[in-house]
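Structures follow.
You will see two complexes here that share subunit A, one where it goes with subunit B and one where it goes with subunit C.
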Partner chain A sequence: MKNILLIIAVLATGIITQINAQKYITKTGKIEIFSETPLFVIDGVNKKVASILNSANGDIVASTLIRSFRFEEALVEEHFNENYLEPNKFPKAIFKGKISNFEGVDLGKDGTYDITIVGKLTIHGQTRDIEETGKIIVENGKISASTQFNVSLKEYHIKIEKAYKKAIKDEIKLNVHFDYKFYR
Partner chain B sequence: MKSLYLAIIGFFLIFSTPVLSQDDLLDMLDSEVVEEPEIVTATFKSTRIINGHSIERMVKRQLDFRINHRFGQLNEGTYSIFGLDNALINFSFEYGINDWLMVGIRRGTNKKVYDASTKLSIFRQTKGVKVMPVAISYYTDWSIKTLRGLNDLPDMKDAKWNEITPRFAYTHQLLIGRKFNEKLSLQLSPTYVHRNLVSVGEKNDILALGIGGRYKFIRRVALTWEVFYTNHVTKDNIYQYPIAIGFDIETGGHVFQLFFTNSRPMVEDGFIGETTSKWLDGGIYFGFNMSRVFTIGIGKHKE
Partner chain C sequence: MNKTIKNLLILAAIGLVIGLGVVYYIFNKPHRDVAGEKPSFKVEAKVLFKEYSANEMAGNEKYGDKVIQVTGKIVEIVKDSTEVSIVLNDEMEGVNCALNTKTVEENLNKINNFQVGDEVSLKGKCDGFDMIMGVVLTQCYLVK
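Right after this comes the complex of A and B.
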């Protein structure tokens, strides 16, 4: 009898793990980038960011093409691609990480959860560890995540010529927002 | 009993879903995202190769203000400081009505010519899931030489319409360009020029093939060259193929083009149809084009 109970317990744990391993996806995540000096305004948005959130453990991954950033000024878009980010060499920006305080997040319950995201961000072929705060908002069963943080161009080996160092700031503001849909 | 217990654990472990790693999630993402064709951009630094148009255009709400200079011939010697004293200019405004349609107006000193142009971006070069090996644009230009006494025509303000139309010329070009890599782009420009009035013995129509390109050897500087083979140049007549070679220097919103050419006129029917100077005789003009691009009506950054 004890053996049969043990077997049922093991199988049940397996089934419960299956149910909890739900993933959420977005293919239209948004990242806005902004930087302003008296000489230059860099104001762009990428609405084709893809991301998956694994509700089993709070893992988040995101990936997007650098060429998907659109700028108000067509020349800024051209220089962003041709001179600075070099997407012909490094086509994607990728994030691999997790929500470090995921135990406090209940994706089944509506609410706004403060989260800390930890992981590795890869831009222009350079990978750096980042740790930023953000929010997960659950509303009517819809899950969205957002975060704002700065990125240093120097850290990702994005070279600004001496002549333009005053025109372009090293720190660029990123504003990230993902609206997730249930995946599988 | 223990072995049965172990066998069932084993059975369960084999068939249960493994824990997904972040790399697994990234692979899942890659398989979900539909790849779009990549549009090749910045084949040339501006809308001109040197004299002639490139496949590039202004996108919606972009305005290109250009001032083109042609100085006198280098063989004018030190007295005229190698032609610098004798400058002709041509200035133009070219505007993107939308991402594929650009219109322009221009005024040049040479024969006091006004012209209006349209450029249509028909195909963009793409790579990736869908490949289009070249970008193709169509360019057309209508020019009017308003110089008094031109070809003994009456002044425009006194003239009847049929005395004005001889001053017109038309150009049609198919611009076919390809960016081979970050450094090298090449373009073919089959061209048709029609001049309403020409000198005795000359044909009104000219067919030409432009061949040009650029080689970007450092980040903001490129070597450029351009030649037009035209069917109206013969061994015996005065006309020559227009040939130009120079540099493009791009800084922020400006593109500067510095070059040498044997053509003084800057409008298409001019440099294609009326080039008479010879490179080998020092009939070379130093030219300087400046292009400044503005975006009209940018909204304020929305927080």
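Right after this comes the complex of A and C.
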């Protein structure tokens, strides 16, 4: 009996390791946000973005805390937090989805692969379906992923006061970059 | 007449100086001084993680956006070209601390000598709880 349990335990550990071995992770991903009007420049960066890529099926998750964004100007940072993103109520942004054309990506082979990312993006408590293009680059076995796309403030119920309507565009540019590491 | 114009000019000049001052202040408002702030809490990394994982809302209520000091064992040091993050406590139950770039520059030797298992105290801004990273602190400084 003891032996059987032991065998099961060993097998289970083996299976778990195998599942884990199919995943890539980063805890130092980067999101840059940018918006410019003649009146105002919003230029922020968040270097604490986490993501896991499942190399078996192309599933991808990413998450970050709103408060980890840093801005060039302190005043913009204050407004971003207090007036617009409201991290007290909605502390994080999360993406859950997959690379829809993952069959065309060979993580074992160096190269640049065009990808399409499909899934649900949650910002400011609002979840929206998104479909964006991006790239996976495999170089010397190192995997990185990046995508650039715009989000509409209105769509995520982020309100801009009338006084700032002209100073802030509805479309904010996001620049996302992950350098993945093998997940033990 | 001459005097009135002179006074008006002086007034206008004063107004301009004040106006410019306000604009200058708004666009040069200093960032929050995490280094100079006294920590609102001094807490062990283990305790901090437990509190957050038990109740994230309560954790944010207590620690969110506050400067806190955490102490714990290093389980992981993540370095890239300019950024260093130190993960305390446990790989799965981490307190993930991103060091301030200035701290990294000034303490390069010390940081390079850090090893997994060392106990350190860090002071930084608590940003919240993430399912992958655990509790996240940014703009962290080394506490002696």
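The definition used in the following text is that the second predicted complex is superposed on the first by the 162 of 184 C-alpha atoms of A that agree within 3 Å, B and C clash if a C-alpha of one lies under 4 Å from a C-alpha of the other, contacts with A are read in each partner's own complex, and residues count from 1 in each chain.
Heads up, the rule we're going with is that contacts are C-beta pairs under 8 Å (C-beta built on N, C-alpha and C of every residue); 3 or more make two chains touch, one makes a residue touch a chain.
For clarity, every value in this text was computed on a predicted model and none was experimentally measured.
A.B. asks: In the superposed model on subunit A, is it clash or fit for subunit B and subunit C?
C.D. replies: Aligned on subunit A, subunit B and subunit C clash with each other.
A.B. asks: So, does A:E82 touch the first partner subunit B, the second partner subunit C, both, or neither?
C.D. replies: first
A.B. asks: If you stack the two complexes on chain A, which partner ends up touching A:A56: first (subunit B), second (subunit C), both, or neither?
C.D. replies: A:A56 sits against subunit B, while subunit C stays out of touch.
A.B. asks: With the two structures laid over each other on chain A, which partner does A:S35 touch: subunit B (first), subunit C (second), both, or neither?
C.D. replies: It touches nothing on subunit B or subunit C.
A.B. asks: When the two structures are overlaid on chain A, which partner does A:G97 contact: first (subunit B), second (subunit C), both, or neither?
C.D. replies: first
A.B. asks: Just to be sure I read the superposition right, which of the two partners does A:K47 touch: subunit B = first, subunit C = second, or both, or neither?
C.D. replies: Once the two structures are laid over each other on A, A:K47 reaches subunit C alone.
A.B. asks: Check whether A:T147 is in contact with subunit B, with subunit C, with both or with neither, and answer first, second, both or neither.
C.D. replies: Neither partner.
A.B. asks: Report for A:I25: first if it touches subunit B alone, second if subunit C alone, otherwise both or neither.
C.D. replies: Touch partners of A:I25: subunit B and subunit C.
A.B. asks: Of subunit B and subunit C, which one touches more of subunit A's residues?
C.D. replies: The partner making contact with more of subunit A's residues is B.
A.B. asks: Given the touch rule stated above, what does A:E161 touch, subunit B (first), subunit C (second), both, or neither?
C.D. replies: First partner only.
A.B. asks: With both complexes overlaid on chain A, does A:D179 touch subunit B (first), subunit C (second), both or neither?
C.D. replies: Once the two structures are laid over each other on A, A:D179 reaches subunit C alone.
A.B. asks: Among 111-119, 129-137 or 273-281, indicate the stretch of subunit B whose C-alpha atoms run into subunit C.
C.D. replies: Superposition on chain A puts subunit C right on top of 129-137.
A.B. asks: Using the superposition on A, tell me which residues of subunit A are in contact with subunit B and, in the other complex, with subunit C.
C.D. replies: In subunit A, residues 25, 27, 50-52, 61, 63, 67, 73-75, 78, 81, 88 are touched by subunit B and also by subunit C.
A.B. asks: Tell me, which parts of subunit A touch subunit B in their complex?
C.D. replies: So the residues of subunit A in touch with subunit B come to 3, 6-7, 10-11, 14, 17-18, 21, 23, 25, 27, 34, 36, 40-41, 43, 50-52, 54, 56-57, 59, 61-63, 67, 72-75, 78-79, 81-83, 88, 94, 96-98, 119, 161, 163-164, 167.
A.B. asks: Show which residues of subunit A lie in contact with subunit C when the two form their complex.
C.D. replies: Residues 25, 27-28, 47-48, 50-52, 61, 63-68, 70, 73-75, 77-78, 81, 87-88, 91-92, 179 of subunit A touch subunit C in their complex.
A.B. asks: Which stretch or stretches of subunit B touch subunit A in the complex?
C.D. replies: 1, 4-5, 8-9, 12, 16-17, 19-20, 22-23, 25-26, 28-30, 32-33, 38, 41-42, 58-59, 62, 182, 219-220, 251-253, 293, 295, 298-299, 301
A.B. asks: Flag every residue of subunit C that touches subunit A in the complex, lowest number first.
C.D. replies: 26-27, 29-32, 56, 60, 64-65, 78, 80, 83, 85, 87, 96, 98, 125, 127-133, 136, 138
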